[in-house]
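The next part holds the structures, each set out as C-alpha cells.
Each of the next two complexes has chain A plus one other chain: chain B in the first, chain C in the second.
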Partner chain A sequence: MKQKNSLPAVFLTPAIGILAVLALVPTAYAIYISFQNRELSRPDGSFVGFANYADLFSDRRFINAIGVSLTWEAVTVGMTLLIAVGLGILLFECVSPRMRNLLALLFLVPVILPRVSAAFVWKFAFHPLYGIATYPYKAITGEPLDLLSNPATALATVALVDVWQWGLFFAVIVLKLLETLPPQPFEAARLDHARTFEIYAFIALPMLKAPLISLAFVKMIESLRAFDLIYVMTRGGPGIATETLDMYAFSQGFIESGRISYASSMAVLMMIATTIAFTFIWKRVQ
Partner chain B sequence: MTKAKTLVSSIAFACLLSTGLTTLAVAAECSGTIKVLAQPRDGLTLLEDYKSEFEKLSGGASFEIDYLNENDRRAKTKADASTIGKYNVYYIDEANVALFASAGWVAPLMDYYPAEYDYADFDPGRQKVATYDGKVWFAPITGGGDLMVYRKDLLEAAGIAPPKTLDEYIAAVKKLNQPDQGIYGTALRGQRGSGANVWRWMPLFKGFGGNWFDGKTPVFDGEQAVKATETYLELFKYSAPGSQTGGWDEAVGAFTSGQVAMLIESTPLVGMAIDPKSSKVAGKVGYLPPPAPLTGGGYGHGLAIGTKANKDEASKACAGLFIAWATSKENETRRLEANQFSELNRTSIMTAPKFAELYGPDLGQALADTGKVTAVNFWQSPQWPDLGDRWGIILEELITGTRTDIKEGLDELDGFAKDLVARSQ
Partner chain C sequence: MTARTLGRVIGRLILGLAAFSAVFPMFWTTLNAFKNRVDIVTPTPLFIFEPTLDNFAYVLGRESVFAGLVNSLLISGTSVLIGAILGLPAAYAIARYPNRWSRDIQFFVLSLRFLPPVAIAIPLMVIWLDFGLYDTRLSMIVTYSLLTLATIIWLSVPAFARVPKEVEEAARVDGYGPYAVFFRVALPIALRSLIGAVAFAFVLVWNEFLIALMLTTSDAKTLPIVASELTQLGRDVPWGILNASVVLLSIPPLLFIGVLSGMLNSAFKRKTQ
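Coming up: the complex of A and B.
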C-alpha cells in the first residue's frame, strides 16, 4: 500500500525537477531583474523598485502593443475557429469520403511548413510589384496593392497567413470529429424536417462543444507565440501597427536598446495577465 | 674564437628554438574552429573555398561562419556578445562599433593584427569608421559612401541632364515618375532602423546643416530636421511600391529590375547594377556623386575579435590572424577576380589595373569624387543604435501615414534622447 502511494511521486519528481529548472529558474530570474535597471552593455545594475513597471504605463509603444496583441488574439482565434467549423461542415456535407481524405492531406500541408518559411513565401506573394497574391488587383486596376505597408491592412494580412496555417488544420480536426458523431440524432432531426443549418447549430456543434473549446484554447496559446510570423513579414511595422507585446519586449531587450530589465518587466506583466485571463476563461467554460 | 662561435651558435639556436616553440604554441592554439557570426556577403562565401589555405597558415585551425541578415545579425551579435559569447569573431559595423568597443565586447584589433597584412592599405574612410576612441576595432569587409545611380536611357529620352543639385534631382524624379509605364522616379528606404530609413534620411539632414548633439545636449530638433523630413516624405510620393516598408534589398531590387529611374544609394549598388547577372539594366546605368548639398553616408562593416569566446591572448591572436587573412590583399584580389565589387576595400586593389579594366575609369573617378563628400552622418556614440532605431520607427510612421506631425515626432525623439543621455550617466 505504501509502495503504491509513493509511485506518483516517483514519476512526478523528475518531470517537476526538469520543469523547475527549465521554467521556474528563468521566470524567477526575469522577475528579479525586472526590478533592476540592467542593460546588455552594462552588466552592473541597481534595484529601482517598480520604476520599470511605472514607466511602461506612460510608454505609448507598450500601450499600442497591448491593443495590437489583443486584436491579434481575437482576430486569429475567432477567424481560425470560424474557418475550421465552416470548412469542416462543408467537407462533411458536400464531399465524398475518399475526396475528404485527399483534401485533409492537402489541408495539413500549411501547418507542416515552418512558420518562418511560410512567412517568407507570403511576404513575397504580397509584394506590390512581383507578388502573385497582389497580381490580379494590379492587372485589373493598373495600381499596385501594398497590403503590408498600409497600417490599416498590415495586421489583417499577417493574420490571414496565420489563419491559412491553422484554420485549414483545424478544419481537418473538425471534419474528423464530425465523422465520429453517431448518425442517429442527425437522422431523427431530418425526419423532423430540420434544415441543415439547424442540424449543425443545435445538434452537431453542441455535441462537439468540449473538443471545440479545447481547440480554442490551443489556438489562444499558439496565437500568443506569433512572433516569428510578424517579425518576418512586417517587423512590427508599418510604424508600430503590428508590434505585439512579445515583439516589443524583444525589440527593447535585444534589437534597439538592450534594456533587459525593462523588457523583463513587460514579460512579467504578460505572464501575469495571461495567467489571470486563462484561469478566468477556463473557470467560466467549466 | 671557438668560444665566441659557440656562444653565437648557442644564442642563435636558442633564438631558433624559442621562435619554433612560439610558432608551435600558436599553431596548437589555432587548432580549433573559429566561429564567426556575420551577415551574408559574397566575399565571405568565397573565403569558404579556401579553408585549407587558412588551416595551413594557422597550423590546423578551421573556421565556421553563421549568416544572418543585417537586422538579425545586429540583434544576435549584441545578445551573444553580452551573454554567452559563443563567437570568436563578430561582424560589426559603423553604427554599433562604439557600443561594442565601450562595452568591452570586442578587443582592439591592432593588438592582434599581424603587421605584414598592412592595415594601412584599407580605404581611409573605412579606417575612420572602424576607429572609435582612438583605437581600431574592425577590419573592413565592405564599406564606402553614396552614389547617385541613374538610368541613362530614361534621362536621355526625357531630355534631362544628370542632376548636380538636390533641387534638380527632385525635379528630375518627379518628371521621370511614370507609374502607368511601370517606371517610378526613385526608390527610398522606408523600413524602420538606424541602418535603414534613417540611413537614407541622414544625408538630407546633414546636407541641410543639421547636427545630432552639442556635447551631451541634443540639438537635432530644429528646422534642418523638419526640412529633411519634409523632403524625404515628398520624394516618397515617387518611390517604388514596396519601398515604404522596405530596406536596401527592396530599393536595389526595384532599380536592378528596371522599375526605377534614379536613386541615391550606398556604393555597392553600382557593382550590382552594372553586372548583367544581377541587373536587367546593365549597360544603361550612369553614376555620379550625390547632388549638392547632400553628404554621402560613410559606412563600413568588418570583422572584430570577440572578447568572451577568446579568453586568452593566444585565442585573440588566432582570431586576429583569421581576420587578417580574411581581409588580406590576396583574398581581395580573389574577390576582384570574382567581380565582387562591393567586397573591395583596399586602396591597392581599387587602384590596380585589373580594377580599371573590369569597371572602367569612370567608376574609379566617381568613387574618388564621392569620397570628397562622404561624411560620418550618424552620432558616434554607444547610444546611437537606440536613438537611430527610435527615429526609424517615428519616420516609418510618418512615411506610412500613421503620424502626420513632423515636429511632434521630433519633439518625442528629443525627449527620448534626453532620457537616453540621462540613463547613460
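Coming up: the complex of A and C.
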C-alpha cells in the first residue's frame, strides 16, 4: 500500500535541516566559546581549556544558583501536580458538565498570559503598600507585608505565580483525563461502598499513572524556564535568594561583567545535565 | 448522604475560589489601567472611581511601545508563518510515512525543548554580533523559527495521525497523488487541530522573553521587553501606565483562548472513542 514517492524527503528535509542548523550551530558554538576567555567588551579571546569549568565549582554564587534551581524545580513541579490533581478531581466530582466547561475555560486564563504580564500583575498585587493581595494583612495588623524583599519568602512568592499559571492549567488536563476513563470500575467500587477518597486514591489515579508522569515531565521542562518571572519580580534578589542558574548565567554574560565565555560554560553544564536527566526520564516514561 | 452533600458544597467553594483567583488578578489590572494615579496609590483598594483613558492614550502614543508592537507582530507573525509552511508538511511526513528514523526525528524535535533558552541565547548573541545582524528583526525571526518549527511539528504529528487512513486511501483510489492527498484531504480534515497548534506557537513566541531580552537592545525590541522595562521604572512609578501596557500585552494571547481550549478538547476526544 505504500509506494515509493518523493513526498517524505521533500516534506522532511527542509524542516529538519533548518532545525538541525538552528539548534546545533548555537550548541556547538556555546561549547566552543566556553573553552575561551571571551568577554563582550573584547572581541577576541584565547583558549583557556577547562579553566571556566574549574572556576565554576569554586564559585559560591554558582553553587547557590544550583540550590535555588533545584528547590524551584521541586517546589513548582510538586505543588503544580498537587493542585492540578486536587482541582481536577473536584471539577470531575462536584459540578455539572456545563459548569465544568466554563470553569475549564477560566482556568486556562493564567497560563495563556505572557509571563511578563503574570509577573507584573502579581508583583503589583504583592506591593507592600498598594497591593491587593497584601491589603488584608495590612488592614488586620496595621503593618505592611513585603514578601518579595524578604529572602525567606521571596522564592516561595514567585513560585506561587508559577503554580498559579500551571496548576490551574493542568487541573483542566487532569479533568479531561478523568473523563476518558471507563465508568465501570467506579460503579463497581461504589457498589462496594468505597469512599470517594478511596476511589480516586486506589482506582482512578493508578489508572492515570502514565499520563500523570508525562505531565510531571512536561512541567519539569517548563520549570526550567523560570527566568521571566524571576527577572520581572525580583531580578534574582533580595541578594541572591532567588537567583536560578539561568538568571546567574544571564547576569554573568550580560549585565554585570559580560563574561560570555564563563556564562557559556554554565549554559553548557545546564545543557548536559538537562539532556541527560530528561533523556533518561523520557526513555523510562516510554 | 448529608456528608456527601457537605463535601460537594465545600468542593464547589474551593472551585469558586480557584476560578476567582484565575480571573481576578487580570480583572484588577484592567481596572487599574483605567484609574488615575491617585486612585491606585490608596491605602484601601478602590473599586469605584472616575475612569480615565489617559493611561492607554499615553501607552499607545509612546513611540517605544508602538515600535515594540510592530516588532512583536512582524517577528511573531513571520516566524509562525515559516514554522507552519515548513512544519506542517514535515509533521505529515512523520505521521504518514514512518521509516526507521521517524522516532529519532521526533525525539530530536522534542529534545529541542530541553535546551535551556539561556544556552541558545548566549551563543546566538555572539553569532549575530559577528554577522552584524544583532538587534535586527531578521535575526529574531530566524531564531524564533526554531521555536515555532519545533512546536508546530510536535503538536501537528498527532493531529495528522488522527485523520482516518481510509479517507486518504479512498482519495488515492480516486487518482489523487501523494501531494494532492496532503493538500486536498489531510490538510482540510486536520485543519481545526492544526490551527490550534499554530495558535499555540504564536502565543509561545509572542510571550517569549529571555531570548528577546538577550538578542535585542533597541531596534528589534519586542513588546514583552518594552513592557518589562516600564515595570522597572524608578520611584515615581506610573502605575496606571504600567497596568495599561500589561493589558495591551495580554490581549493577543487571550484572543486565542477559545482556539486553544478547542485544541485541548480534540486532543483528548480520541481516547474516549
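Keep this in mind: the second predicted complex is superposed on the first by the 269 of 286 C-alpha atoms of A that agree within 3 Å, B and C clash if a C-alpha of one lies under 4 Å from a C-alpha of the other, contacts with A are read in each partner's own complex, and residues count from 1 in each chain.
Everything that follows uses one rule, which is that contacts are C-beta pairs under 8 Å (C-beta built on N, C-alpha and C of every residue); 3 or more make two chains touch, one makes a residue touch a chain.
Here the structure is a predicted model, which is why all the values come from computation and not from measurement.
With both structures placed on the common chain, the touch criterion links A:P128 to chain B but leaves chain C unconnected.
In the superposed model, A:N150 lies in contact with chain B only, and not with chain C. Contacts of A:P185 after superposition on the shared chain: neither chain B nor chain C is touched. Judged by the number of chain A residues each one touches, C leads among chain B and chain C. Using the contact criterion defined above for the overlaid structures, shared-chain residue A:F254 touches chain B and also reaches chain C. Touch criterion not met for A:G78: it reaches neither chain B nor chain C. Once the two complexes are overlaid on the shared chain, A:G45 sits clear of chain B and of chain C alike. Of the two partner chains placed by superposition, only chain C is touched by A:L19; chain B is not.
Once the two complexes are overlaid on the shared chain, A:L108 sits against chain C while remaining clear of chain B.
Note: residues 129-130, 254 of chain A belong to the chain B contact set and to the chain C contact set alike, using the contact criterion stated above.
Across the interface of their complex, chain A is touched by residues 4, 7-8, 11-12, 14-15, 18-19, 21-23, 25-26, 28-29, 32, 40-45, 86-87, 89-90, 92-94, 97, 99, 105, 107-120, 122-127, 142-143, 145-146, 149-150, 153, 169, 177-179, 182, 203, 206-207, 209-210, 213-214, 224, 227-228, 231, 239, 242-243, 246, 249-250, 253-254, 256-258, 260-261, 264-265, 268, 271-272 of chain C.
Put simply, chain A touches chain C in their complex at residues 1-2, 5-8, 10-12, 14-16, 18-20, 22-23, 25-27, 29-30, 33, 38, 87, 90-91, 93-95, 103-110, 112-117, 120-125, 129-130, 132, 135, 139, 164, 168, 171-173, 176-177, 179-180, 196, 221, 224-225, 227-228, 231-232, 245-246, 249-250, 253-254, 260, 263-264, 267-268, 270-271, 274-275, 278-279, 282. Listing the residues of chain B that touch chain A in their complex gives 71, 74-75, 78-79, 82-83, 99, 102-103, 179-180, 190-192, 240-242, 244-245, 254, 257, 259, 382, 385-386, 389-390, 393-394, 396-397, 399-403, 423.
Residue ranges of chain A in contact with chain B, taken from their complex: 37, 39-43, 61, 127-130, 142-144, 146, 148-151, 234-241, 254-258.
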